[in-house]
Amino acid sequence: MRPSGRAADQLRPVTLTRHYTRHAEGSVLVAFGDTKVLCTASVLDKVPPHKRGSGEGWVTAEYGMLPRSTNTRSDREAARGKQSGRTQEIQRLIGRSLRSVFDLSALGEYTLQLDCDVLQADGGTRTASITGAFVAAYDAVSTMLEKGQIATSPVRDFVAAVSVGIANGVPVLDLDYIEDSACDTDMNVVMTGQGGFVELQGTAEGTPFSRDEMNAMMQLAEHGIAQLVQAQRQALGL
Amino acid sequence: MRPSGRAADQLRPVTLTRHYTRHAEGSVLVAFGDTKVLCTASVLDKVPPHKRGSGEGWVTAEYGMLPRSTNTRSDREAARGKQSGRTQEIQRLIGRSLRSVFDLSALGEYTLQLDCDVLQADGGTRTASITGAFVAAYDAVSTMLEKGQIATSPVRDFVAAVSVGIANGVPVLDLDYIEDSACDTDMNVVMTGQGGFVELQGTAEGTPFSRDEMNAMMQLAEHGIAQLVQAQRQALGL
Amino acid sequence: MRPSGRAADQLRPVTLTRHYTRHAEGSVLVAFGDTKVLCTASVLDKVPPHKRGSGEGWVTAEYGMLPRSTNTRSDREAARGKQSGRTQEIQRLIGRSLRSVFDLSALGEYTLQLDCDVLQADGGTRTASITGAFVAAYDAVSTMLEKGQIATSPVRDFVAAVSVGIANGVPVLDLDYIEDSACDTDMNVVMTGQGGFVELQGTAEGTPFSRDEMNAMMQLAEHGIAQLVQAQRQALGL
Amino acid sequence: MRPSGRAADQLRPVTLTRHYTRHAEGSVLVAFGDTKVLCTASVLDKVPPHKRGSGEGWVTAEYGMLPRSTNTRSDREAARGKQSGRTQEIQRLIGRSLRSVFDLSALGEYTLQLDCDVLQADGGTRTASITGAFVAAYDAVSTMLEKGQIATSPVRDFVAAVSVGIANGVPVLDLDYIEDSACDTDMNVVMTGQGGFVELQGTAEGTPFSRDEMNAMMQLAEHGIAQLVQAQRQALGL
Amino acid sequence: MRPSGRAADQLRPVTLTRHYTRHAEGSVLVAFGDTKVLCTASVLDKVPPHKRGSGEGWVTAEYGMLPRSTNTRSDREAARGKQSGRTQEIQRLIGRSLRSVFDLSALGEYTLQLDCDVLQADGGTRTASITGAFVAAYDAVSTMLEKGQIATSPVRDFVAAVSVGIANGVPVLDLDYIEDSACDTDMNVVMTGQGGFVELQGTAEGTPFSRDEMNAMMQLAEHGIAQLVQAQRQALGL
Amino acid sequence: MRPSGRAADQLRPVTLTRHYTRHAEGSVLVAFGDTKVLCTASVLDKVPPHKRGSGEGWVTAEYGMLPRSTNTRSDREAARGKQSGRTQEIQRLIGRSLRSVFDLSALGEYTLQLDCDVLQADGGTRTASITGAFVAAYDAVSTMLEKGQIATSPVRDFVAAVSVGIANGVPVLDLDYIEDSACDTDMNVVMTGQGGFVELQGTAEGTPFSRDEMNAMMQLAEHGIAQLVQAQRQALGL
């Protein structure tokens, strides 16, 4: 029995609220149960140095947690004067995940800047961020098409993410904070709408895991991602 | 005629949503029209060095804007590695304002840490922050009383804030972003529930202002603060 | 009776020593009693990004305290690796105050960089800085006119600053360190030579202040500023 | 055909040179072909705050690249004033990997500090670092046993790491820089001597990868790790 | 002929003004011609970690230049967020020079903190700083003796510094900025009152220098230092 | 008798291993006894701002110590976020020393970037760095000549460095760590192949030194440098 009473292959309730704030070209509040992340997508009329003059665009992400999004207050990174290693690791992951479904040459010399800010954390903030950021990015791209900034959509596929793990010896899907803290293995899986893997990050915090457990976790991930992509489609009315 | 169609002495619609997130001892989403700030109050079982062993507590605040809370995206301060002068100025103001109604000796050796994070900005983020932070602080104090961490409430009065200014030669209350950008003078006023002034910060960006204009602005501020304190009372059910 | 023996509406002795150091286009040692600040004005042949190509110039300020300008030694900000919130707040105030009397379009694409460094502190360092910086800026402008860098003076008015407060229940002018530490309310007022207000920053550290006290303080400020502008005129031989 | 002429399942020549420098308790130069990393293990008589008084020790790692270890010179991180996100990601991975085979309670309140500095890079610096750091850590533990700092060895198993990937559609083992730059998928795998997985980090830079490709890569990884653990045994004379 | 018209072995006019500011235990304005440095000595009731519990004190120094002490404005180090390599080099030199004449065990567990801030620069700021800092330190020690913080003076000798160089092939004493910019060799020499060398830092910016030139420069330095120590004696009334 | 058993005027065994790593245009491992420094010279197709458009090149250096190159582990400067004053002082010295034998106008608009990283330290790391960096720079220049980047060599002379000191009252050459820690005076001397002095940095940590001791140390330095230049010639096959 999982602490939340969920079945081993059951996601938490997922909601994707578009147009959550009004300034960004895309703005989505994503909830995976009690984990709530505000994902905005901004269209910037510039590209980083390594893309200048290339005719190609760029997709990148930043991530942050509000100081009291967590159970005990964390230091504010802006006040401490630097982002933690964990923060950088997560924002690099979000950026790579989104780029995997973007055709940068169709984006033109624009940057799609994603900002994922955790309002409330209960495990799985990076997987919720990726799942929500895709919807925000999609909305931003629609704005670009409407404005005539680009002629065709650079979005080649959906992308979503979910965590899987081994808790009390059992493979489970979409861990919340309590399960995550106690589990032996935690793996974040990022997949496309067509079912290809784009990122896989697994860590055994306790007992190492076996090939069989690996296979079981990947099956759960495929199952979960399919539902998340379905939720993205519904939110976008596709 | 003001850009928003409001009367010169009219506030924007004010809402104070308590328990907006679940981890913090106090968590309030305050809206002054389209300006939306999440204010959390955290009870920390420690005090800064200058209060250690004094038997007194401390009240302090930090402030931040999500990168795309504004019309054009601002750099993330955590990524830039430092808080701007504006940010530090605002969080110092919030801290002083809240401390003005706290009896630190009744707080015990605890810190009440306020975090004001702007989700959406449309002018007046610092005044909304102070007004919302008071409600979050009040809730956190209630939690402390319930847990028996303190015996009597350290809250001596209400505190709220509003901006006033001279726009097109006319004194106006609670400026939104459009008015703020174009006005000659912008003044932030912080007052207690009993009508005393605790902070006054006025800047003439265009034509200097006169004693008469000053008096007119202060009258507007008194009028606005009275309504804000009333909104705080209602939100708290007092 | 004030600690210094002064009358409630009496300034400390004010001196403005021009050409205090030899490299800067303007260099003034300002003393408000025992508070001594070296104000230099440098003419830089460049403007910040937001002014490039605009044909307009910029006026900005930086502020610092020598580590042992104070009674107990403060950390050197350069060694600590950042400027405090207080320092940034003050230098932003000095910059805004000076800009309020400058016609930036008459300045051409030059930056007037003010540096206010406190050699000895006894309260009122920010008001002395503004008052002295104006004289240094005026001298720098004269140099620019002599060199033909500009055709007409961009200086539209005088600007000076003074603190007022409520100490032991009595409104007083130009607080020194002892009074400042003990007073209920401290307000910094920046005014033009023609008597308009450009900045007002009041804080009640103890009891909140009333509208009547506010009026009394503003009257004292007007009285003090008039004398300071007179001192500036004399120093400049105008 | 791979650029290096190796078979798909062939490692580069691996050498592990112990006692490479003389001050550290463990000092190993590890070479995976042209990738050369100096791994030192230092025994520190202190633990981080979260372990103080726990009776347990800690194992942690830092990573760096000499500026000209790479084909074109990279900025020195000490001169730039911060470690890149990539560096932090790698040093966190090395630390977690080593901790997975350590019994921290048998280590006593000591920190085993690993430093992995890349002298020459040709792909796979993080996997070489983990493989070499284990040998350095083992030597440092032997020193602790000799000195009587600990009574029994906290080392529970071997740990080593290797990269696998899909290059030109073919699963390959231990990618060098040329292959790594051009491949579709790159995965770093960390395993224990007994064949359990402790870390898995896979990224599809081009085409997403399938479950079948995933399986093929894991088989290659198992094959490679077995050889690396054998090399560790030989180097340690076990 | 030197640019200043001085003889090759002639110092610039030297003045040492004690009690220049009022808060510090020692406060000296030293002038070497147009080079003017404010040197303060602060007595701190603490020592750095490596001296705690040793019964010994510490002497250390910090150095800074006001942004417009130089001909063209330099960036403010506090604003840039770090001290330059040059600044650190100089403050380390001042600290070592002063420590060379202090008996740290007679100082007790106090720190004598020297601050040398350049108000106006014309070459030789580091030698003026050392020469002035000694007088400030001596005054601070007198204060400590008066207050009974220490029983006997820890000052064992005088210490002063001067620059020598080869300009246009001729060995010269006490270079000003013009000479310093154009000379082949610049050497800073720190000596005690009894004529021992404590620091020597020579750099050939153009042609390397010979043993003979070295000897000539050292003779000039001895000559100059004797006069500077004499000026220190007179300033201190010894 | 010296701790190492060497005669007073005897160097430690010196080795200069060229082509130590493969990416840099020049790469030399220099050993002065147990002090081992990897010196690389990189040819960069850019110059710092003050040389742009001048037709001249630049030679500069950075220095670092691996955390466990020393007897007890030092903090990693990249992790601490800044280079120490000592590091900056040393890398500035290396840069100046190398520039002293370079004709920057013959180098063209290239930067020769030297990186000196200490793998193992036993005193004299800065003198070994300079001596090794010259050989690496020479190799890099040869590469530039071969590639036709420059037409004639900008190298005008050899440059090498050695330490001398007064230990137990006796002048000695090339101090190792034990001697360096205990000596009264330590002086680093940089000379050209033709016997000119380019840098001299002497510090009396205990008793000040006399003119006679100075002369004795300089004689030892000349003797040592001659041997080091001979070792450079042999390593380069000149």
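As written, the chain order gives the labels A, B, C, D, E and F, with residue 1 at the start of each chain.
Just so we're on the same page, contacts are C-beta pairs under 8 Å (C-beta built on N, C-alpha and C of every residue); 3 or more make two chains touch, one makes a residue touch a chain.
These numbers were taken from a predicted model, which means no experiment stands behind them.
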Request  = Count how many hops through touching chains it takes, at the least, to reach chain E starting from chain B.
outcome  = 2
Key: Chain whose Cα centroid lies at the greatest distance from that of chain D   = C
Query = Just curious, how far off is chain E from chain C if you go by their C-alpha centres, in Å?
reply = 33
Key: Inter-chain centre distance, chain A versus chain D - centres from mean C-alpha coordinates, in Å   = 28
Query = Using mean CA coordinates as chain centres, what's the chain A-chain E distance in Å?
reply = 59
Query = Which parts of chain F, given as residue numbers and ranges, touch two or more other chains?
reply = 81-82
Request  = Moving around the ring in the sense set by going from chain A to chain D, list every chain once.
outcome  = A, D, F, E, C, B
Ask   = Given the complex with chain B, which residues does chain A contribute to the contact?
value = 21-24, 27, 34, 36, 38, 40, 42, 44, 62, 64, 66-71, 73, 76-79, 81-83, 87, 113, 115, 117, 119-121
Remark   = So, in the complex, the side of chain A touching chain D is made of residues 82, 85-86, 88-89, 91-92, 96, 100, 187, 191-192, 194, 196-204, 207-211, 214, 218
